[in-house]
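You will see two complexes here that share chain A, one where it goes with chain B and one where it goes with chain C.
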Partner chain A sequence: MNDNILEIENLHVRFSTFDGLFSAVNNVSLNLGYNESIGIIGESGCGKSTLAFTVMRYLATNAQVEGAIRFKGINLLENSEKEMESVRGNRIAMVFQNPYSSLNPSLTIGFQLDEVGMHHQKLSKSQARKATIEALEMMNLGDPKGIVRRYPHQVSGGIQQRICIAMALLCKPDLMILDEPTTALDVTTEAVILDSIAELRDTLKMSMIYISHDIGVINKVSENIVVMYSGEIVESGPKKQIFENPVHPYTRALINCMPRGGVVKEKTKLNTIAGYVKRRGVDEGGCPFADRCDKKNDTCISKYGTKKIGEHHYAACDRAYAEDIPDKLKVRITPIARKKDPDFDSERDLLKVEDLHKIYGNKRKVYAVNGIEFSVKPHSILGIVGESGCGKSTTGHMISGLFPPSKGRIIFGDTDISIGWNKRDKETLKNIQLIFQNPGRSLNPSHTVEKIIGRTMQKLANINNAKERREKIIDILRKVDLGKEYLEKKPRQLSGGEQQRVAIARSLSISPSLIVCDEPTSALDVSVQASVLNLLNDLQVDTHVAYLFISHDLNVINYLSDYIMVMYAGKIAEYGKRDEVMENSHHPYTEALLSAVPEVDPTKQKDIIELEGMLPDPAKKIKGCPFAGRCHKQVGEICVKEYPPMVQLTEDHYYFCHIKP
Partner chain B sequence: MKRLMEMFLRRLGSLLATLVVMSFVIFLLVEIMPGDVAQMILGQSATEEAVAALREARGLNDPLLERYGRWISGVVVGDLGDSIYMQGVSINSILWRKVGHSIILAMTAFIIFVPLSIFFGVLAGVKEKKPTDSIISFFGLATMALPEFVSGVILITVFAVQLKWFPIVSVIPIGESIWQNLNIVVLPALSITLVMFGYISRMQRSSMISVMNSDYIRAATLKGMPRRYVIFRHALKNAMLPTITIIGMNMGWLFGGLVVVETLFGFPGMGSLLMTAIKTRDVPLIEACVLLITVIYSVSTMITDIMYSYLNPRIRYQGGQK
Partner chain C sequence: MKYFFYQLKKSPLAMVGIAIIVFWLIAAFAGPSMISFTHTEMDSMNQMAAPGEYGHVLGTDSLGRDILSRIVYGSRSILTVALLTSIFSTVVGILLGFSAGYFGGRLDTAFLRGMDILMAIPPLVLSMVILGILGDSSIASLTIIVSIAFVPATARVSRGVLLTEKSQEYVSAARIRGENHLYIMFVEILPNTMGPIIVEATARFAYSIMMVASLGFLGVGLQPPTPDWGMMVIENKPIIAQAPWAVLFPALAIASLVIAISIFSDFVSKVLIHER
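Moving on, here comes the complex of A and B:
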């Protein structure tokens, strides 16, 4: 026997569809040693999940598989279904992206864990329960005895995922496959889970395949990285190598398109990758990245193959053969210069929010926003960051008028707009626009792009001449990098990034003074996210519109914002100029949040502050500090009893905590 | 348990409210039906004075609300009034016997079609796109497309006329009870089964398919659980939830559908009674029958809801909120 636990050899996975055969995994060979962990990275549609499911032999009936997957010397592709049953969950275990839907809603957690031991190890019910409790304890879950009696929906998402991992651990598998296990979770929860995964590897000595789109996450749990594109491995090697010396143009683009490690809009323009991932037919040869690659030349199809770059470092790129890679190091693009608007009055607030509250429901009250005050300066970007349930979206929706506040005032310029959109005057409606996370749902599917933008212009900007309107639309489309040919397209003919561009174009078409962006890039792949962020930035420099930019991603917020507001449980934790908050944060929650963001550069690892527990129950009014239940710096009773005072550090940097600077 | 009790009481309250409103609507509808009751009772040849006198005597000239009040207060204490057509016979004395027959028919049909359609629906769902599925789905579609009076006639031709296994019409000889004539129930019950089967089995099939494609079934399979176990322990309960709702919602419809089937087979149940009542414009009898169907419908919906929330822990524990 050799020293590899898993050997994948020339694996091809094809799906036959109505449009013909297309290739999802193409000629992939991969070795995984005992106790080794590799991370597979790539954007959606690159075949990373298909690869994982092929190892588990769980594919749709229209799949055709070729090649070999040897697990401890046995070719899994030749196993019978019965033999696979004894491998799955026993020797190879898998954890999925969405813990909530991966647990059966009508069975108790205990039942779902016990059955694994009872089935694979033929344990009795009580032995299985004992094993279950042990596994749950290994995942640092307090009160495992209580958890086993509960149903999945009765615990939070982070705990659900830890339960899923515990379930995968039950039979002490030799190999664990994790498919984006933390993507659906908040960063602080993610940090805790990544930490326990790393710990598990040390104690259990198992091999691991970790799939993610986020290099930062993979950095924490794997030594080696495999980059996939369009079903093929384009580069593989130790993470340090890959990061410091990426050879394949796709790898480089991927690393450079992430807002990370403190890049900010003034200094760096994000890299983008033109085009999108195409489904490949089976007989298309050559480099899969060719149609999006700016380095391609004539040999890209003929001389295509895998090339050894360094020890354990391989890349599938023709340019890797030519030793002249002048642009080996990451390219930095300087953004367009920001110019000051001469009649810009920075003293006057564009938007002012006073004592804003939102309480949902009548009988079962949910306190979503609990009295916040802030202002947005004209020509600036205020980023609101926080985890799910912190009230950031609710705040944005109240400002854009989706619903009126329960209490408090929103003042825009000189007018009080603490009312729903249907009561607002036309001028206000025109001036405040909203962009959603899911562009597909906010665009009318039966209208063409021209009509979508035109209707808004007609209604809110009174541009009634069709010809004039069309010219303006073409102009605005050009600004968001879409050509004239898009006028006649309907939303479903557009990719996610293009849809978001249309949504942005629609908002901009009536020259608003404030755009509320509610997680506009969260549903997009990183390379598309980069192009949308670039676009938003360029447009802002160009038109001086102000953004209220809402996101859970601190890197994105840091990249784009001038001011940052950190929210927690419907309250403001900290507010200030971007650099003040990022470099000189004072609120314990901001610190924890900053520490939890995964570092992309493997040489820069930091200590994370682990947050235990959950958000306070939104159905209860909180008297003290909302963060008290999880705060690592709590100073005593006072935190629970009394709402902390505002501590003003500089003119616009303040936070709410009992700890004085 | 306390939640369940609370929910039960709440549902009971809304049930009563529904019934009050419905009773009024029924009363109103029957009242505005064309034709004059008094004229009906006395026949076409009656003199105008006689008709007027009868109207007066029966209180037909009183204001609507007063007449409604009189009727409903009778209903509450269990007095449904007298039939007009069969003069002097109290409705109570005919209705309940027929209702009993109908319930026996409905129950028989229920016992046949529920397990049958769930079983075949699950089977079709598990074998999605395989020959088994196609056969079941085709059969389901075919029976669903046939109205009761067509499938009923086919059943009669095959089993009663040709094979002579069952009687052609479902009559109970005078002096005997239904228990001595159970064979008359079979054909009408089968006829109902045919109609319900296609519908329920298709529902069951599609909910089974969506459950089998869910993430938690994938997770269970990739935990190494055998397929059979996954189907029975993980999929079945969740896949049956929507079917139970559908069956419950159709209980009321089932009783309405009885009218057609019973008329076709001449089955002495509530359906044919209602039919007769409408034909003869027997107002109090119509009102009693329709009200009863409403009660049955509402109660079965309520039972469905309670069963649903009992089976679904998400509702059982949190009042339906996530």
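Moving on, here comes the complex of A and C:
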């Protein structure tokens, strides 16, 4: 018997579109042994999902497939639709990115899971239900008998995803494909799910393909890594070798551009990859990465092909450490020294927030922000971190004036600005700018870049002369590394990173004193994220603007912030100087959050603190500590009954908990 | 635009639709001068002539008037009314729908209930009643009345697309730089809603042709001597057994134009969805 469960041989997938034929997967060969798990990593548009969909034969009608995919020796590409039915979901199972769109909202969870057993294994209804309960138990879901009666919307996103995985497990498949199953989830939830996936892999002896853009995630679940770029496998091998000795320049750049634990802006500048993933036409030859590669030379087109590097380690290029071209990645670029601003006065607060509340809705109230107090020092970066639903964006939006607070005060300089945009004066509007999460949505798709930036200048900086304005726009575009040719472009002609640069340019064009950045990099790929973070940092050093930087990614926050504020369920959990919070965290939630961040270095794996349960219902007013229900360090009744007092550690470092230091 | 022609090449149906529309446009502009009979001329020697007889390409009616000439001449009035109606109802619809959707609250509720009331009355009945009361059926009054009957539909579509755009972040961005409501509505939002609104406007074009023809058929449409396709059908109904062509050809004219515009409207919506 063959020792590979899945063999992909010279697979090509092409899509024919209005813009012509383009290649999504190009000459991919891949072997997956029994009980082996591989992780496929790459940025969006690199063909990872297309590869998975091709294995499942889920492709759209405009796809053309060439090559062979042998599953246990049978070529799936030659199977009829009928034959595929007995493979799909039965022998090969797949878990998708969004659990809420893979579950049917109008059927109970039990019904949907029973169907799988009844259809594929011809079980009776009661047998199927038994199998369902077993599968749910395998995913460590407490009370599976209660869950089967519920509808998908009645459980949290993390549980939904675990249900999807349980569904994939029902037929005891030989191969499981997971396509970014935790990308849409919070880090603490992600950590729990990754743990159970790793456990399953060991107990059930399944083969597994795990797709992700995050090396940290892949490290937790796979032994071997496959790096894809623009539809091709550029490197593959055991994770340790890939991490310690990346041979392909792309792999190396990818590992280096992620802000890892401990990397901070004062010491290192993030490495970036110029440009972005481009669609490839069918007849384009040579290395797909060549146009973004620092190490490119004339062999990139002619002598391109996969080489064996070591045992099980293959790469399409071995120039990652080539010395004929100076190594940009080796030099740790030291960031520009921070100039001291003569006007800087750290005693004075730029922004002060007092007892801020936001309650949405009239009849059914939602308590989004429940009384927080903090201040932003001039010329500093305050990072707000927390999971979805913790009120961090609401806070940012109130400060930038999208809506007024329900209670409490926002004081900017000397003026009270606890009012909405329609009541704020021009000066305040100019001084506080907001950068949104999704640049594609925050730039008007029908306006040109010139109009987008120019209108803000005209409105808030009173530059009415079109010629003068144009010069200033060109100037500001240069600051965000965009050329003059962008003036006439419309947002959809730009890549995600370029769009975000335009949004940053718009905010900066009127020299504000505070920019609220609401997850500005979370919609971007890691290589683009790195360049945007570098840019934001450089601009801050340059212009002395203060940022209120909101993110769910602790590594990003750690990299960029001077101060960190951890939020949970509309309350502050911990606040302090970056190093104090990161190295000497006191709140149990901060600890859990820190432990859940996936580690990029496979040799440095840590124990995670698993958080069970979900966020408290935001429609209820909480009397005790909002974190009490999930806390691993709960001290007793007092946690539920009484709101924890503020514990002041140093002048700038405090947290809210009943546990004393 | 490039995509428009790319899709057009792949869709023979849309090509047929556009060809029919172009045919009627040419007929309306240049047609009357190319036909040897005028629309009111009564060839009393050749009443109810069959198509092709005595130089009457599509025959004559009971008074000996040339059917072709009357259809071609009638296309002028019907296209004028339909075009103006679709423009008016769309513009008024945008104004009403945008202000209701943008400001929301009580204004929106009042708008919705008002539109519900107007929609509860079939547009045809509504137009008939108003035309009957006014007793005037000129092109101008017909246009205004049919427009009023269509406003609920266009206003609702405009309100709907505004609501989806209103929650976009670029609108928030415009707010916090202190733009006024009119600017946000018409400079920021309007260009991004043009797709669905254009589709609705072309659909309204087809509907208003039906409407004008129906009103003509019911006798409250354009009054003689202006030839009207609907009126021609009802006028010639008594002689349908002897001269079926006098009914058939005007009816075909209505059907061909309505179907062609509907096909075009579907096609436009398909192209515009891709644009988004």
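Following the convention adopted for this analysis, the second predicted complex is superposed on the first by the 648 of 661 C-alpha atoms of A that agree within 3 Å, B and C clash if a C-alpha of one lies under 4 Å from a C-alpha of the other, contacts with A are read in each partner's own complex, and residues count from 1 in each chain.
One rule holds for everything that comes next: a contact is a pair of C-beta atoms (placed from the backbone, for glycine too) under 8 Å apart; a residue touches a chain by one contact, two chains touch by 3 or more.
This is a predicted model, so every value here is computed, not measured.
*Asks:* Which of the two partners, first being chain B and second being chain C, lies in contact with A:Leu402: first, second, both, or neither?
*Replies:* In the superposition, A:Leu402 touches chain C alone.
*Asks:* Could you say whether A:Asn31 touches chain B, chain C, both of them, or neither, answering first, second, both or neither?
*Replies:* neither
*Asks:* According to the stated criteria, A:His153 is in contact with first (chain B), second (chain C), both, or neither; which is it?
*Replies:* first
*Asks:* When the two structures are overlaid on chain A, which partner does A:Arg441 contact: first (chain B), second (chain C), both, or neither?
*Replies:* second
*Asks:* Could you tell me if A:Thr456 is touching chain B, chain C, both of them or neither one (first, second, both, neither)?
*Replies:* second
*Asks:* Is A:Gln121 touching the first partner chain B, the second partner chain C, both, or neither of them?
*Replies:* Touch status of A:Gln121: no partner.
*Asks:* Check the residue A:Asn79 against both partner chains and state whether it touches chain B (first), chain C (second), both, or neither.
*Replies:* After superposition on chain A, A:Asn79 lies in contact with neither partner.
*Asks:* Could you say whether A:Ser522 touches chain B, chain C, both of them, or neither, answering first, second, both or neither?
*Replies:* neither
*Asks:* Look at A:Thr299 in the shared chain and tell me whether it touches chain B only, chain C only, both, or neither; answer first, second, both or neither.
*Replies:* Neither partner.
*Asks:* Can you give me the overlap between the chain B contact set and the chain C contact set on chain A?
*Replies:* Dual-contact residues (chain A): none.
*Asks:* For the complex, which residues does chain A have touching chain C?
*Replies:* 18, 400-402, 421-422, 424, 426, 429, 432-434, 436-438, 441-447, 455-456, 459-460, 506
*Asks:* Taking the touch rule as given, give the residues of chain B at its contact with chain A in the complex, in rising order.
*Replies:* 129, 214-216, 218-227, 229, 233-234, 237-238, 311-314, 317-318, 321-322
*Asks:* Across the complex, what residues on chain A touch chain B?
*Replies:* Going by the criterion above, the answer is residues 56, 58, 61, 81, 84-90, 93-94, 96, 98, 101-107, 112, 115-116, 119-120, 151, 153-154, 164, 167, 364.
*Asks:* Quick one: in the complex, what on chain C touches chain A?
*Replies:* Per the touch definition, chain C meets chain A at residues 3, 6, 168-170, 172-179, 188, 191-192, 274.
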